[in-house]
Amino acid sequence: MKALDRLNEELEKVYLGPLWEKLGKMVTPEPDHEVMPYLWKWETIRKYLLEAGELLRLGRESERRVVYLQNPSLLKQGLIGYSTNTLYVGVQLLLPGEVAPAHRHSQSAIRFIIEGEGAYTAVDGERTYMERGDLILTPAWTWHDHGHEGTEPVIWMDGLDVGLVRNFAGSFFEPYSEDVFPVSVPHNGSTFKYATGALRPVSDRKRKGYPSPLISYKWKTTKQVLENLSKLDPDPYDGYAVDYINPLTGGSADLRIGTTMQKLTPGMHTKAHRHVHSAVYHVLDGEGYTIINGVKFEWAKGDFFILPPWSWHEHVNTGAGDAHLFSINDLPIMERLDLEREEAYDKNGGYQSIIDVFEPLSQV
Amino acid sequence: MKALDRLNEELEKVYLGPLWEKLGKMVTPEPDHEVMPYLWKWETIRKYLLEAGELLRLGRESERRVVYLQNPSLLKQGLIGYSTNTLYVGVQLLLPGEVAPAHRHSQSAIRFIIEGEGAYTAVDGERTYMERGDLILTPAWTWHDHGHEGTEPVIWMDGLDVGLVRNFAGSFFEPYSEDVFPVSVPHNGSTFKYATGALRPVSDRKRKGYPSPLISYKWKTTKQVLENLSKLDPDPYDGYAVDYINPLTGGSADLRIGTTMQKLTPGMHTKAHRHVHSAVYHVLDGEGYTIINGVKFEWAKGDFFILPPWSWHEHVNTGAGDAHLFSINDLPIMERLDLEREEAYDKNGGYQSIIDVFEPLSQV
Amino acid sequence: MKALDRLNEELEKVYLGPLWEKLGKMVTPEPDHEVMPYLWKWETIRKYLLEAGELLRLGRESERRVVYLQNPSLLKQGLIGYSTNTLYVGVQLLLPGEVAPAHRHSQSAIRFIIEGEGAYTAVDGERTYMERGDLILTPAWTWHDHGHEGTEPVIWMDGLDVGLVRNFAGSFFEPYSEDVFPVSVPHNGSTFKYATGALRPVSDRKRKGYPSPLISYKWKTTKQVLENLSKLDPDPYDGYAVDYINPLTGGSADLRIGTTMQKLTPGMHTKAHRHVHSAVYHVLDGEGYTIINGVKFEWAKGDFFILPPWSWHEHVNTGAGDAHLFSINDLPIMERLDLEREEAYDKNGGYQSIIDVFEPLSQV
Amino acid sequence: MKALDRLNEELEKVYLGPLWEKLGKMVTPEPDHEVMPYLWKWETIRKYLLEAGELLRLGRESERRVVYLQNPSLLKQGLIGYSTNTLYVGVQLLLPGEVAPAHRHSQSAIRFIIEGEGAYTAVDGERTYMERGDLILTPAWTWHDHGHEGTEPVIWMDGLDVGLVRNFAGSFFEPYSEDVFPVSVPHNGSTFKYATGALRPVSDRKRKGYPSPLISYKWKTTKQVLENLSKLDPDPYDGYAVDYINPLTGGSADLRIGTTMQKLTPGMHTKAHRHVHSAVYHVLDGEGYTIINGVKFEWAKGDFFILPPWSWHEHVNTGAGDAHLFSINDLPIMERLDLEREEAYDKNGGYQSIIDVFEPLSQV
């Protein structure tokens, strides 16, 4: 065995490797990853964001005023801006009168509106006005800018597939020559056409499937569908839940970033399962907790938390009213690459035991 | 040439044919067909239908009380029940308390509700209640029955791909063992889930694309989308128009029967074009006319008319209010088989000259 | 009931129909069609074809010298050139030095080479030279002409979807301005690239799936694959059989016309089944019979016979050597429109009783 | 600006990040990655591999005798077994009489045979025998083992999507209960059925597209197609080149790992381009060099080298005979996720200037 040790050492010197030593690191019986679950309190995020609102001016030097969620375990790997292995999440503040200048990038982005109104996102010349609870898409490589015509600060969540695109060395970015991309179509045009029903304008008969012809998904509509679903049986793992879809394909609204809204009724406690795809959750309203691999993450309105890949999880609503959890995930990618798996927790009636409680950091 | 004539004759006797004589019949420079345009007045149809309501009892002997549109030119070919070469259209009456018993068939069917309410169509155990202007699907080979819990007669349009399925020798039919297929899911369940927005319940993530998960398209919603579209540019050939789509695929609501609703604003006069796909129109409301190959077909609320394949056509709204035209077509088939073509009428600024006016038959 | 009779009559006068009388004609429990099985002897076809070779000159007046198979039952319906409800089959003769001039049409066409060599089919400027047993495609709307540089007559089978295209009113035809379309790529180029293996030139990475990049399927290759398959288990209904496929899609070689070659070893007797799709068979070599709905159709080298939709059929090789049956079918259409069904014959161990023997007509 | 610095620091403490500082790290104008180009000499690899043949016994403790290519720059990131950001390549030795025991994993694998014969790979019970130049697939999650019935050592290249699967936390592995998975179908069965032509056995009409029904691509066939292609124009960037495809889909042979073989004729010098997808090359035969981002990588028979993402590259054959380069790449993933881009080098007539020559390490 001495000889083999020597061989192993010699290989290393010429950048060759002995698989007999390392196979177990490359091909693991179950997913082995560095993504830890984590939770951020809304008060903390919001406080810093408003502070940045006072200290930072938008412009070509600093195009966006965003505080992003940095997964501590991925920071250790030098992975800046990673919430999970594939997903980035930030929280953005736009003040009345401001413009976040136009650019485009190969990363897909979604916005989920948390606070305020009167701001818009413009995608390829179509402005969509924001209201709390709306989902707005800026598909990969579309020109986009944000503006604010209202009177109060507007805050929203940004979700991008930063990790994914970086892993694949596929990042491209281009600033637009002016701050505002020219408006070319009526405001909120995509919701005129597509948001209300399963109907396609005849002029779109030959339109390509992606990017989605629908840019904005109104909270009013989503809420209504969740209400409707509540008359039927809930999903055992997600309660009453929907994926936002592209009306021209039936697939995920964004090609690569999955987007989901779920409603948990008072007292609802979903069963535990795990899946390869990871997610980042935002609590639109309500209070409760999620158990991730035995650790209790308590959440309330505005909080964000991370569900790592292949981690047991179950949700509990402890409040008096409905809780709404919005989340982004990388399920569309897992499906396209045939990497998704799902497993139900079959012990203890489908519920985990709580072995620890997460203590969120706070500087407030 | 005498010798060739003799050869042609001899071939005929042994059921062989001389292509040099017949090529032009098989492969024509442009579509050559026997489908004529035609129009039926609502008063005529309705009168006979109500009469049948008095004379005919529903049951296994006569499962449906329907008066169908028989294209005169296709009747000559012995093609019973053909409105166009592929499509059948009937008008059905159901009286309070009646049941049209459960069966299934390989033909796809759609229903478009014209008059009354309180009746339902049940598809595989899910009842959908009817209101004027709604579109209801009964996809091929799904069990379906109709019942009426209201107090007034209900009348609707049926559209089936009878000609298509007959041409392909694909007809299968099976009566259900009982009159009513057991109700297994909540009433109107599909609209709860799918009709309101581009959202998919997470429990349908792995559901097959066809048949559509959405069985009923409410008029209220369709009308709203047409209102919205009216703020944008109209389609030159169809005005403000939408196709009903399957939210899981973005394709036609029914796999084989296309369904379209168009709105013509007062005075609107669309440009003429023609296409391989054929259609049958029903006037939901309004008045005006359609020019088909130079012949004027005047229509008013309730009327039905036929647009044959590859026929020039343009629509005019002559009324004071909006006109709404619902139509079924065979475009989905043409696209799947790569047979569709479209051509704009390029003479006379895009408008045909009227060379004749169609006189509808009437026994009223 | 008198009153109902009167109503039925009145309806007829205004081109409306009483579904309660006619439902059973439109929606049948099983396919109801007018396609009869039939068989033509090779001697008969060939004799007349050679006679036409003496009597008919090719040119723009008579572009092709073809004797086609006219199904007698469909002739009664006035359906000229229909072998089945969707398919046309002809047998074409080209003499040394002749050119069958260039044109294109919306019908798809396939050629199967029966006799002779030295002739070619040119598709969009690429010539493919013919050898006995080869399959050559001329996909819908591609320019094609045939020429003959050899010394002996060449005879091949033509298969077109004439009935299909006519049913859908989709026929378009255009002659080319000259007799021969300009040659633009090397002869037999598609087989250079695609016929030998599951390999795609990198320059075709973005090529559309249809039409097939492979125009010619050599008999030598097909025969070899059938030899290989013979070491494995045969298909119970088709013996050793393959479909010709498009290497860029894995689907049928032609988008709409299915093409199949099957090998029956001496004594092989396949089990009976039926399916919605219809077919026309050509006996490349061997002798035997096929039982269609209880009627025995005896065949030998060169013969053609028709398998109607939804008809029980089983094949028997009575010769000392292998029999090879080439056939075209409308399965690709049935699959695209979700109309295909298949049923195994479950009586009598899977074999039909012979109740009659078909007597082919002959003028020889 | 002091206040903003303080804010940045405070954010860091609670695992939040200031996007205004870091945007440029996440979203770069062009791909920013740590993958360096590299080259390993065949003599070095082979020497160590044979040494391992003497020192290491196969068994459940060490299932495979493989020396893998460790990209030096990725080793620095702690990424063990990464040749590129997505791909792993190893070189495997199997000695006569040995068995590499059966297992399965969610990573896809391909084998490319370098030396020897008489060994086989068994995939789900089907053994495929190896010959130099063959490509053999073991699609993700299929059971596979290797055995050797010959008399000389066999050496092959392994390619797996280790990095990809790790990035997505999708690794699953399972050993089979016995060393050899039971043989259930004839040896080399997939090449019997699929390797020779564009033909699909009728019994596979309903078979799913992936995994490929074809497991082995014989060098003899691939070589022939490259010969054929050589009569046509070469690809400007790849010479005469083919992708191995799945005959049921027309897509990449493996769902996630692209596989390509290219032939460079004597003196051929391809033009430079770059693309997002990365590759690992193996020189089947010939000698020449590849310029990657201005650095010359000289190669000869048996060598391996790495092409990083978005790197200019051009190939030159300096030998007297043809050079054949086999490569694996992650193009199928880039296409599925819509991340691929390609750019031609437009300076200097399309050719790079050489600014450096790579010096391979060697312990021989």
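Which chain is which? They are A, B, C and D, in the order written, and residues in each are numbered from 1.
By our rule, a residue touches a chain if its C-beta (ideal position, glycine included) is under 8 Å from a C-beta of that chain, and two chains touch if they have at least 3 such contacts.
Just so we're on the same page, UniProt names per chain: A, B, C, D = Cupin domain-containing protein.
All of these numbers come straight from a predicted model, not from anything done at the bench.
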* To do: Count how many hops through touching chains it takes, at the least, to reach chain C starting from chain A.
  => 2
* So what angle, to the nearest 5 degrees, turns chain A so that its CA atoms land on those of chain D? -> 180
* Structure fact -> Cα centroid separation, chain B vs chain C, in Å, comes to 32
* To do: Go ahead and note the Å separation of the Cα centroids belonging to chain B and chain D.
  => 53
* Centre-to-centre distance between chain B and chain A (centres being mean Cα positions), rounded to whole Å -> 43
* Structure fact -> Flagged in chain C as touching 2+ other chains are none
* Among the chains present, which pairs are found to touch? -> A-B, A-D, B-C, C-D
* To do: Name, in rising order, each residue of chain C that touches chain B in their complex.
  => 3-4, 7, 10-20, 22-23, 25-33, 35, 38, 40, 44-45, 48, 51-52, 55-56, 62-72, 75, 77-78, 80-81, 85-86, 88, 90, 105-107, 140, 160, 162, 164-174, 210, 255-256, 276, 278, 308-310, 330, 333-334, 336-339, 341, 361-363
* Structure fact -> As the complex stands, chain B meets chain A at residues 185-186, 189, 191-203, 205, 209, 214, 217-218, 221-222, 224-225, 228-229, 231-232, 235, 238, 241-250, 253, 260-262
